[in-house]
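Report on one structure; see the data block that follows.
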Amino acid sequence: MKNVDLSVNIGGLSLKNPIILASGTVGYGNEIAEFTNLNLLGGIVTKSLSLKPRKGNPPQRIVETPSGMLNAIGLANVGVESFIKDKIPFLKAFDTTLICNIAASSVEEYVECVDMLKNEDVIKAFEINVSCPNVQEGGLEFGNDLNAVGRITDKVKSSTRKPVFIKLSPNVSRISDFAKVVKENGGNAVSAINTLVGTSFDIYTRKPKIKNITGGLSGPAIRPVALAKVLEIKRNSDIPIIGIGGIMNWKDAVEMMIVGASAFQIGTVNFINPNAGVEILNGLISYCENNKIKNISELTGTFQIRD
Amino acid sequence: MKNVDLSVNIGGLSLKNPIILASGTVGYGNEIAEFTNLNLLGGIVTKSLSLKPRKGNPPQRIVETPSGMLNAIGLANVGVESFIKDKIPFLKAFDTTLICNIAASSVEEYVECVDMLKNEDVIKAFEINVSCPNVQEGGLEFGNDLNAVGRITDKVKSSTRKPVFIKLSPNVSRISDFAKVVKENGGNAVSAINTLVGTSFDIYTRKPKIKNITGGLSGPAIRPVALAKVLEIKRNSDIPIIGIGGIMNWKDAVEMMIVGASAFQIGTVNFINPNAGVEILNGLISYCENNKIKNISELTGTFQIRD
Amino acid sequence: MYIEKAFVESLEKMGEDTFLIKVFSPAISCIVKPGQFCNIKVSENDYPLLRRPFSVCNVDGDYLFFLFDLHGIGTKLLSMKKNGDSIELLGPLGKGFVYDDQYDTAVIVAGGLGAAPFPFLIKNMEPEKNIITLLGGRSKNNLVTYGLKNVSAATDDGSEGFNGNVVELLKSRIGEISSGKFRIFGCGPNPMLKALQEYCIENNFDCQISVECAMACGFGICQGCPIDSAEGVSYLLVCKDGPVFNASQVKL
Amino acid sequence: MYIEKAFVESLEKMGEDTFLIKVFSPAISCIVKPGQFCNIKVSENDYPLLRRPFSVCNVDGDYLFFLFDLHGIGTKLLSMKKNGDSIELLGPLGKGFVYDDQYDTAVIVAGGLGAAPFPFLIKNMEPEKNIITLLGGRSKNNLVTYGLKNVSAATDDGSEGFNGNVVELLKSRIGEISSGKFRIFGCGPNPMLKALQEYCIENNFDCQISVECAMACGFGICQGCPIDSAEGVSYLLVCKDGPVFNASQVKL
C-alpha cells in the first residue's frame, strides 16, 4: 500500500479509498461483516431508510436474468427510529465512513428523516434516493421530474451541513440534466446509477416472476449503461460523481473512475462475493503501482476522447 | 404445423408467423440465406436505409459486454437507390415479408426515402428508425422528442398507404407517451425497442473500446428492459407492438408476446445462430400444441396481472 | 460461515436427472448442522450471476455431499463437473432442524428431492430414536433413497408403494405413528408442504418444515427471500430465519 | 458454409499459454481453404454471447486443428475442454491465401500466434515451392513452431535466433530471398503487419497479409469488422472480404 494514496474526496466527504458498499446490498452491515473486513473499505451506504418501518413487497422479490438480476424489495427497512436505536451502535464500531440513504414520498418527509439523523456523528453524509423503481409513491415519480429533484436537493441541503448526494435514476433521457439541477441546488455529488426498470414473465402461468410486476435491473448486464450515464454527466457537469452499476472487480472499478467517477459503489456483487470490496481494494493498489499512479483520484475522468 | 395458426396481423400487415429478422442484423438477406431458410420466416427488416449511401463509423464498431454487445455501426448502408437496383431483386426471390427500415436526419428526408421506395411492390411496410443512438443528426434527437416523432409519423403516413411502424428508443422516461403519439398521428404499430446507450473503456489506454465512444447495447442483457417497455406500452395504449430486445430462443419470444407483442424481431442472436429464426418457429409450434393454443395471436398481451 | 473453494471428489448419477456430488470442504463440513445449506457458485466466471442454494445432504469427515436435480443452467453446469474441478461454497447458512429433544419417533416426510437434507439429519440423530421415512414422488423412477432409513414410498402413479401423495400416506399411517411421542420433519415442494402444514396444525402435531424460495445472497443482506410469519405483521427471511421453520411459524 | 457441432478429439498444451485443439468436423474440413477461419461457440449456453474467430490451423482428414492463446473468457473456456466435449463451429469463413501462382519461394512472416494459419497453408503448397518461415516472438518461450517448415526465429529479447522483430529479420534476409521469385505471407499483431506492409509496398514486394479485428457474426451481416480500403472511399469487411488481403489493398 506504501506508495499509493487511495484516499478520495467527494463533494466534501473524505474517504480512505473510493470503495463504497451500495444501498440495499449490505443491509446494515452486520451480516456482511462475517465475510469481509469493513474497516478496509472507504464507506458503506445503509439500506434506504424511511420515516416509518416498511415491510416491503410480498415475495417473489428477485429473479435472475442474463448477467443481471431484478429486484423489487420495496424498500423494506426498519425505519429511522429503530435504525438509530438498534443499528447505529453496531456500525459505530467500524472504521469506515457511514453514508445514510433516505427514501421518502414527499419533500417534507425527506427533510424530516434528515432532521432526525443529522445529529448522529457517525453519519458522515446523506444519499437521497429519488430513484427507487419499486414503490408506488416517491421513487421514480421524483426521479423523472427535474423540478422535484431540484426541490428535494435544495430542502435537504438547507436542513443539514453534512454532504448531500442525490442518487439518480437511469430511466431518463438525459441524466446530465438531473446532475445539473442537483448542482444548481447545492447538492454535493450525484450517485449514478440506480437500477433500470425491467421485468420477466413465466411463459406457462403468464404471471410476472416478480410479484411487484416490474423490478430493478442490476449487475454486470447494466454496466455499459452505467458507464455511459456517468460519462454523460462528466462531460456536461462538474459535479462529483459516485459511479454505480455492474462493478464486479477492480477492472470494472477502474473503468468507472476513468469515465468520471470520484468514488464508486458495489451492489449486486456483494451477494455473490461478500469479500469483493477487499479484493477490489487489492486490485486497485496493484493497478496503481503498475501504472505509476500516485493518487487514485488522478484517475477520475481521465478518459481519452477527442471531443 | 397442422393444428396451429401462426399468422399474425400487425396494424394491417399480415405475416405468416410473428418471427421477423431485425434491422441491421441481417444485412440485405443474402449472407444469412446461406444458413437459414428465409421462406419459413414471417418477415425481414432491411438494414436502415438512408437517402445517400453511408460509409458508417470507423472501426472499432463492436464490443462484447456481459450477455450483450455494443455496436456503433453508424448506419452503414448502400443508400435507397442502390438498394432498389442491387438488393431488391435478390429479396424478391423469397417468400417472406419485406419491411423497409428508414433512417434520416430530417422529416423531409424520411418522406423522400419513402417516396422513392413506396412503389416497390415487394416492400410491404415501412419501419421508421427514430432511435439510432450512433449517429450525430437524427437518431436520438428525434427519438427523445415527442413532437418530432409525431411529425415524422404524420408526414410519412401521408405519403404512403403501406403500414408504417415507428421504431422507438428505450432511452426515455416513458416510452408509452411516444407510442401514444405514434397512434395519434396515424402510425400503424410501434417497434420496441432499439438499443440502449452504453459504453466501455480500455483501462490501460483509457480510450473508448468503440471509436464512436458510445454504442447501442443489445442482446440478452437488455431483455428485461425490453419486456418492461413493451409491457408499459401495452398497458397504456392499444397500438400494436412489435417486440424487440434480447430474444435468443422460443421461450423468450413467447414471453415477449405475453407482455404485449403482436410480433417480434430477433437481432443479435442472428450473429451467433443464423438459424435461430427457424428454431424459434419450431419451438413456437410445439409450445402452442402443448398448451392448446390454436392461433398464436391469442397469446399477445395475455399477461396475468391484477392491476 | 466461510467462502470455501471445494474440490470435486466424485459425481454420481442417482436417477434420471438426479446427481450426488461429493466435495472436499474441511472448513464447512466440521461446523455444518442438519438442515443448513450452502450457496454455491457453479462456475468460475460471472455467469450464471447468482449462487445456487443447496441443502447439505450428508457429511463424511472432510467431505460434503449435495443431492440435486437438473433444473436450469446452474444445475446443468454442476452436473458437468469432473473430479478435480472446484466449486465455491458459501456456508453453512441458515437455521437447521431442531432434533435433539424429547420424542421417540422421527417421521421424515419428503417430496421428491425434498429428501436432500435428511441423510445428514438421520446420521446425526441419537441412535435410540425410531426413524420412519415417507418418501413421495411422481413415479418409481423419481424416488431417490440415498441415505434414508426405513423408507415407505408413495407415488402419484402408484408405480411403487402407496398410490397417492406423501401427505396422504402420512395420514394413512398416523395411527401407528401417533401411538408414541413423535416429531415430523418435512421438506419438498410448496404445495406438499402446505398440505403437511395444514394437517399438522389441525392436529397439533409437532412439525418442522424446510422451505425453498428464490434467493440472491443466502445470508440476509438482500432481503430477497421473505416469507410471511404466522402472525402476519412482518416477514421472516428464509435464508436467515429458516430454511427450517416450525410448521406453525410461517404462512406458506 | 456450415454450422457444425464438432467433438473434441484432443487438446494439447503447446506452450505456456498456447493450446492446440483437434476436433472432428467432417463437413467443414473437406471444403476449408488455407487462411480461412471458423467462428466458434465455446460454450453450450448463451455466455459468452459472441462466437470467437480462429484461423483453421491445420486439417487432417475429417479433423480440424486450431492453435490458440489464452486471452480472455472465451479462450479460457476453450482451454478447459475435455475429449468428448463439443464446440460449435460456423465456417469456413472469409477469403484465404492465394498461393498457387507463379513464384518459387513462399516467405512466411509470422508474429507470435500469427503462425496459426500457416501449417495448413504449408501443407497445401505445391511441393516444388521453397518455404522459408520467419517466426517472431517476445521470447524463446513464445515461439510455437507446430507445423511450420524451415523456421528462423526472431525474439525481442534475443533469447533465440535473431535479436529483434520479425520484420527486421526479414529485412536482414531479403538479399538471399529476393534472388528468386517470391511471395510473402504475413500474419500477426497489427503493428507488425503495418511494418511488414510498409516495407513490402515500398519495395513493391508481392505480399498477402491476414488481419484480425473484433467480430460479431463473422459472415457479413453485422458490419462490425470494417477495414479501410487503400483507396479510402469505402470500407471492406475483414470477415468477408478478408481476413487475407493483398498488402496494397487495405489501410492498417
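The first chain written gets the first letter, and so on, giving A, B, C and D; residue counts start at 1 in each chain.
The definition used in the following text is that a contact is a pair of C-beta atoms (placed from the backbone, for glycine too) under 8 Å apart; a residue touches a chain by one contact, two chains touch by 3 or more.
As the structure is a computational prediction, the values presented were derived from the model and not from experiment.
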| item | value |
| --- | --- |
| Of all other chains, the one whose Cα centre sits farthest from chain B | C |
| Whole-Å gap separating chain A and chain C, where each centre is the average of the chain's CA atoms | 36 |
| Interchain centroid distance [CA atoms averaged], chain A/chain B, Å | 34 |
| Averaged-CA centre spacing for the pair chain D and chain A, given as whole angstrom | 46 |
| For chain A, residues contacting two or more additional chains | 66-68, 219-220 |
| Junction residues of chain D, two or more chains touched | 46-48 |
| Chain contact topology (line, ring, star, complete or other) | complete |
| Contact footprint of chain B on chain A as seen in their complex | 65-68, 70, 144, 171-174, 196-201, 203-208, 213-215, 217, 219-225, 227-228, 231, 246, 251, 254-255, 258-259, 287, 291, 302-305 |
| Residue ranges of chain D in contact with chain A within the complex | 46-47 |
| Chain B - residues contacting chain D, complex | 24-27, 31-32, 34-35, 47, 55-56, 58-64, 66-69, 71, 73, 76, 219-220, 248, 268, 270-275 |
| Chain B-facing residues of chain D, complex | 1, 3, 41, 46-51, 90, 213-228, 233-235, 240 |
| Residue numbers on chain A that touch chain D, as the complex places them | 66-67 |
